[in-house]
Every structure is written in C-alpha cells, then in structure tokens.
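As written, the chains take the letters A, B, C and D, and residue 1 is the first residue of each chain.
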Amino acid sequence: MGIKVGVLGARGRVGEAVVAGVRDTEDLDLVATIDRGDDLHDLITAEAEVIVDFTTPDVVMGNLEFCIAHGIHCVVGTTGFDKERLAQVEEWASQHPEVGVLIAPNFAISAVLAMAFAQQAAKFFESAEVIEFHHPNKLDAPSGTAVHTAEGITEARRAAGMPAQPDKTAQSLPGARGADVDGVPVHAVRMSGMVAHEEVIFGTQGQSLTIRQDSYDRTSFVPGVLVGIRNVADRPGLCVGLDSYLGL
Amino acid sequence: MGIKVGVLGARGRVGEAVVAGVRDTEDLDLVATIDRGDDLHDLITAEAEVIVDFTTPDVVMGNLEFCIAHGIHCVVGTTGFDKERLAQVEEWASQHPEVGVLIAPNFAISAVLAMAFAQQAAKFFESAEVIEFHHPNKLDAPSGTAVHTAEGITEARRAAGMPAQPDKTAQSLPGARGADVDGVPVHAVRMSGMVAHEEVIFGTQGQSLTIRQDSYDRTSFVPGVLVGIRNVADRPGLCVGLDSYLGL
Amino acid sequence: MGIKVGVLGARGRVGEAVVAGVRDTEDLDLVATIDRGDDLHDLITAEAEVIVDFTTPDVVMGNLEFCIAHGIHCVVGTTGFDKERLAQVEEWASQHPEVGVLIAPNFAISAVLAMAFAQQAAKFFESAEVIEFHHPNKLDAPSGTAVHTAEGITEARRAAGMPAQPDKTAQSLPGARGADVDGVPVHAVRMSGMVAHEEVIFGTQGQSLTIRQDSYDRTSFVPGVLVGIRNVADRPGLCVGLDSYLGL
Amino acid sequence: MGIKVGVLGARGRVGEAVVAGVRDTEDLDLVATIDRGDDLHDLITAEAEVIVDFTTPDVVMGNLEFCIAHGIHCVVGTTGFDKERLAQVEEWASQHPEVGVLIAPNFAISAVLAMAFAQQAAKFFESAEVIEFHHPNKLDAPSGTAVHTAEGITEARRAAGMPAQPDKTAQSLPGARGADVDGVPVHAVRMSGMVAHEEVIFGTQGQSLTIRQDSYDRTSFVPGVLVGIRNVADRPGLCVGLDSYLGL
C-alpha cells in the first residue's frame, strides 16, 4: 500500500493536475478528493495520511487547522501566507509535533534548483544578470521568481564582500540595462507562445555559467508536490519552501 | 595565382588579423601591407587587384580616391562614412565604372545573417525582442547592431501592417521590459568574460524562433572580409553593407 | 465579411485547434465543420471558399477531388502524399486552374523558417550540426525535420563546392559525434517534459550562428494554417510546402 | 602585503596567463617566476608562500617534493597524476602537515560548478543528457569533462535508486542518440570558431533545467587558480579537485 493522499481544491485546474499526478504514481494512493462544499471529515473516513492543498486564501487556514489537529501531514501550494499566517500554522503544528507541514510558494523543482544553484555560484563570478521569459498576459515584470533569484544573488555577493558589478556603460537608452534589483540587472521578456522560463547568467574571466529553467506547461509543479508528499512525514513541524526537501 | 590583395592599416590590430587571414587563404595572394608612413604607390608596384582598408576616418578617403583612380577594387571596414562621404565615393566610382567598392559597417557574417533573417521572420510572429550580451567595458547600451536589428524588425512589421506587440504588463520595475526601440524591446547584458553576442527571439502561438549570433574573438570579421575580396571585382560601383554579397 | 472557411477533420485533436484558430481570427469566417459521417455538400451550402483538411490518408483524396471540382481552395496538412497522389491532385487542379491547393508536411512556421534560414546560411560556415530535442515517447531518432534540415544544409554546401567539415576527432566513443546525415552530424536528445525543439548551429572563424525553434504545444501549426488560408486563393495550382507562402 | 606567489612553468602559455592574473590581483604578490633551467631555490630567496605549478609531468614531482619540504603551499594544474603519484605527494605532505597541496584537473570554475550542480540535480529528473561543444581540432569525443559529468549523474541516479531513462526510440540512425556513458547520452559537437562549452540538460514533467558552461578563451582557468592561491594555506594536506574549495 502506498501513502494515502487527499487532495483539497481537487476540481480546480491545479488540483486536477495533482489528482492525476497522484493517481499515476505507484507508491501513492489517492483516497479523497475534496473541493468547495465537500466535508473535511471525508479525509478522516478515508484515513488520509497526507493532504495536498491547492485551494484559496479564504479556506486554506481552516483546512490546515483541521488536518493538523487530526494528525494529517500537509503539503500546501495555496498562496497568501504572510508572517501572521505562518506563525498561526506554526502554533497549531507545535501542538501536534509529529505532524509535518510544507508550505511552498513554488513547487517547480527546476525553478527551485535554479535559484539555489544561482545562490551557490554567485560569489565566484564578477557579473550576474537574470532574464525571465513569460507569455504576454503576465501582469507583473519582472516575475516574482526572478526578483527572488536576484535577491539571493545579492545576498551571496554581500556575504562574500564582493564589489558592485563591473559596468562601464556611459550612454544608454532608458531600460536597456534592465531593472536594478539590489544591484543585479533583471530583464523581462514577454513572448507569445512561451510559458515561463528563467535564465541566470554569471560571468568572469574567459567564461560564463548559465542556469536556465523552462516550464513548458502548467503541470510543472507536480513532481515537486510528489517530493513533498513522499517526505513530509519525515519532517515534523512547519517548513517553508521546497529547498530543504531537495537537500539544498 | 590567386587574387592579388593589398592591406591598408596592416599593422593595426584588425589589419593584422586581415593580413593573417589573406595569408592563410589559398586563392588569395598578399602582395602589399601598407600603414601610416608607407607609400600608396607600393600597391601599383605590387599590382594589387583588391585592397582591404581598415584604417582611420582621416586617411580612408585619400586611400579610396587613389585606389579607385588606379582601378583597384576596395573592401572597406573603416568607420565614419556619412552620406556626404558615400556620395563622394560614389562620384569617384562613377568615373571608373569597372571598379567595385564595398563599404560595410559589419563584416561578421553571423551578425549580418542574424539581422537579415530577423527581418525576414518578423512578419510571421506576434512578439519580437532582442537581447545583446557584451563585455562590461562597452560604453553604449544597447549596441548599435541590436538597435539596427530592432529597427529592421519594426520596418518589416509596419510593412506587413501588424499591430503593436501584445503585452499586458501592468506593474513593472523601471527597465524590466528593456529599451523600447521603435516598439521592439531591446535588452543589454554586460557580462565579464563575454565578447559580443546577440539573440533575437520571435514568438507566436505555441512556438518560438531564436536566432543567436556569438562572436568569440576579435577576428570574427575575417570570413566576411574574404567574401568581400573574392566578390568585389564582380560588383562594380559602390555597395554599402555585406548583405547583398551574401545573397540576402 | 471574412474568408469563408470549412474545416475537414474538425473533431480530431488537430482539427479542433484549427477550428478554434479560425474562430478567433477576425478576417476569417468559420462556415462549416465536417468530420467522418458528415456530407461534403455542406461545404457548398455554406459557400465555403477555402477548406482546411486535417483528416486521414483514406479520405483526403476524396475530399480534395470534391473541393477542387467545386472551386474551393484547399489547405492540407493530412499526411501520406507520395508522388502518385501529388500527380493526381495536380491533374485535378489543372482542370480547375483558378483553384489553389497547398499541401504541407509541416505548418509550424518557426520550423519551416529555421530550415529555410539554415539552407541560406550553410555556405558561409565551415561547420554545421543539428541537434533536435523531443519527448521520450518519440519512436524515431533523429526526427524527420532534423534529417530534412541536414539534407538542405548538405545540398547548399555541395552547390557552393565546399569541402567536408573540419573534424580531427581521432578517439571517439560510438555515437558521440551523432548520426551522419549526408556529412552533417545530427544529434537527437530525448527529454521528459520537452515537446519538439530543433537547433541548427553553424561555425566559422571566431563566431557561430544558432537558429533554434521551439514548439511548446500541439497547436503550433495553427499560425501556419492561417497563413495558408489567407493566401491560397492567390496561388492557383498545386503548391507543396509552406516555404513559398512565407516568401522564402 | 599580499600572499607571496611563485609561478612554475611561468613562460609556458598557461603559465603566462597565471603570471598576468597574479600581477593584476591586489591581494597577491608575484615574487618569483620559474621555468626550465631556473633554480628552485629562487623560491626560498623570494620567500614564496604559495607556488602555482603548470609545468609538465616530468618535472612536477621534483617541484612538489622541493616545495613541500620547504613549507611552501602548492596549487597544481599540471596533468598526469595517477594513484601512485597522488600517494607519493600525500606521503610528502604527511611529513609537513602544515602545508596545503591542491591538485586539480580542471580550474575553470564554471565547469567545476556545472559538474557539481549536475550531480545535485540528477536525482530529481527522469531524463539527463550532456552536450559538449569544442573546436574541430580536438582529438577526443566526447571530452573528458563531459564523460566525467555523465558519470557523476549516473552515480547520483544510482544512489537514489532511479530506473533507466525513458526512451521509446525504436528506429534510429547510428549515433543519433549519442554515446552511452553509463546510461547518460553524451553528444559531442565540433564547430569552427567555438572554444569549449558544455550543456547538461535535465527534464521531468512539464519542465527542464539546463546548466551551460562556456569557456571563451584559454585564460578561463585563472579565476580558479586565484581561488586556490587564496585558500590553500587554510587547507593543509593533499586535496584533489577544486570542488571542496568552492564549498560544494
């Protein structure tokens, strides 16, 4: 028998992909699919060991309180967790110290690894820039992931006592050198046909290192969710971000 | 016997690469190397059929007047040709209608092809952006080549009656979407270790097309100069830009 | 009013994408959707001017005979056209010289352009290789498109009298240098998550040129079909391949 | 005062780049340049604290014996170290436990990081392939670095108990799927104009991760040598490979 999994938000677009992913995975056992209007007690009846929550900010806290109280581990991709909410979850978890809760803003393994590698590489290169590519319907530029990546690079450069990046640009059209995110130039490309892609480029004498992540469709978060499901029981307490689950 | 070639500006860094390129090429015969202080009549004595001029704006016009008058074909990479200068060269050439003169701002074949392909592709894609990458000592951003590429794309889009590029960006950090060159976003990356690289990206439903050009060292103009030398005798009159020599 | 379009094979996966594409396009007017069991005379009733055929080899010939006979232009993506079939279509078309018929094996504009540009660029570079990337369920390696691209490069190199590509490899693991397609190395990558991608790389002194095509999903043929619909009436007779419609 | 550095093999092409690199670096002090015919005792007179050895297999062992005996730390890029030689160096080092010796086959930081990241990422992706690109004068295919990278990926996949890579290829031209290095396909491209480049591609559901390293010229090992010089005194004993110096 595999790990017994319940999916909350099961009839949303993301939830459907999670449901399909759990169903297609041998060592996992889909025992409950819950959505608006369904009763959380179905999780108890179905003996769910782990739930995956891709719901909405208005219901996720209730879901977590219930699941933690009933000893069910939680893998959460729902957005809207600020410090207050995280503190609340931590308190619930502290009362059930055997329960693991993973809350991650990004389950795309390739994106999480790209950020982690960028941070590791940063101190060895004089130059670092980020280019992200998305479909033209995206509202913000640059993407949150790209900003986060740039901040990680800056942090690593500061910790290593590195000077500002070399750049002798004297004449520039406005915007040519990208957005300045803490000293790291970030460029946002909007391209029909593309989905979500990020490239981090590092350069030093005679060489460059490029770390590129491509998301080709909206199911790219599934493998990361599966990593979460398989490992959450071994990591009691609240954990924010997939990083530590990836051994980074 | 190969084509008899004289090199003007032979002891400059660029000239030295041209000299080496001509020497290493079987069907070409290096007969004269001229630099500041040398006598142009050496070209006559050496029976040069074609000259390559990588000199400076202050001497190039004298060189061309002399060579055209003596029936020597000219391949010119020296900068500083404005409309007046081109008109003057055209007048000289008109008096010696058998002489070919090629004046090109860019002899890097890969860069010239990239621009030409970009212009051909432009009308089939909703989105088009340009990213250029250079060493951090470059003074201008974006590069002249990138601006020129963007202008070519715009021209092709206008001729095809295309609307503006789709872009729903509502929240943006300043510079994130690049420099706006006639409606085409252009991004400039400055990276230690890099030389000169350009990427043109096109996107439409379900697909993208990327044309990328990399210059790895400062001799990348040599193959284009050789194309010029081999073909200039067959193209009498003044020709500006390597494009037409490449059959584009 | 836009061009009146009928879609044959309208309920297949490809046909559905065509139907959606025509519906979403202002200057086109979807007047008939036909599939197995429907009557072709619906096209007449609906006054279709152009049909798009993504059916199967067993019905496409009947469809074309009917449409050509009724003066309806045809844009055909159905596979299985050998010389005999093309000859038959040509004969039908010759009896209705005002009718245009476009039969294309590949409607992905980015792929067709990539092949055309590769052929144009080939004679200017000493080295040329092709890398294609597909999902791991693909049965053949390399892809037909990659083989076709390599053949186009070879043809251009031969026409220009170029020697074999430089390659001093003396010690090699079997397969390392790819498949030899007419002298052009072709490498096939099979990668979970990827869809269909092709990269053509050219190199000569100090520089390289890369032409890359990415198909992100199975609707990437739609823009090419729309180009066909809009132009087929202006190109009477049989035309094979989208190339000439792209002005290449 | 900076670290006092002596360079052995100082008049070779690689040594010259090291000499220039040390000279251009503020916190380092070039005190001796040694080559064939020079006396190693110059290092003592000059009070060298660290030596860099890019010599040849026939002299490097003598150099190391001398330097270790005199308490000088060693950063070594010379090739030809087999198990016996490493054991000998270890013995010498054990007699002078304060001395650090770094012997690294590859000082290109970007290449070393690419390999390390590939190994970290391997267990999260169903598919992994390596493509390396070099100038056409290279004798072996694939490169040693690419083989080493593939072996690292295989090791990580085995440790994680992963199955073979998915690949439904049924019809293949010989070589299309690359060289099989322990189950990881490795493709070698030979391209005029290119220098040394490696791309590691990973794929899983809906996404891919690409780690690419570009060496643009023959000085790309210098930053890695500088990392070695600055840290070798803090790492007594023999250390093989730059990895541990990069915190990997």
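Here, a contact is a pair of C-beta atoms (placed from the backbone, for glycine too) under 8 Å apart; a residue touches a chain by one contact, two chains touch by 3 or more.
Bear in mind that the values here come from a model prediction, so they are computed numbers and not experimental data.
Which chains sit in contact with both members of the pair subunit C and subunit D?
The common neighbours are A, B.
Of the other chains, whose C-alpha centre is the longest way from the centre of subunit D?
C
Matching residue numbers in more than half of the contact pairs is the bar here; say which of A-B, B-D or A-D clears it relative to C-D.
Of the listed pairs A-B, B-D or A-D, the one copying the C-D interface is A-B.
What is the distance, in whole Å, between the centres of subunit A and subunit B, each centre taken as the mean of its C-alpha atoms?
Whole-Å distance between the two chain centres: 45.
Indicate the whole-number Å distance between the mean C-alpha point of subunit B and the mean C-alpha point of subunit C.
33
How big is the gap, in whole Å, between where the Cα atoms of subunit A centre and where those of subunit C centre?
Computed from C-alpha means, the inter-chain centre distance equals 38 Å.
Among the residues of subunit C, which ones contact at least 2 other chains?
In subunit C, the residues touching two or more other chains are 125, 193-194, 202, 204-208, 214, 216-217, 220.
Considering the complex alone, what residue numbers of subunit D touch subunit B?
193-195, 214, 216-217, 220
How about subunit D: which of its residues touch subunit A in the complex?
Residues 21, 108-111, 113-114, 117, 120-121, 124-125, 202, 204-223, 227, 246-248.
What does subunit A use to touch subunit B in their complex?
Subunit A reaches subunit B through residues 125-127, 129, 131, 133, 136-142, 147, 165-181, 185-194, 201-208.
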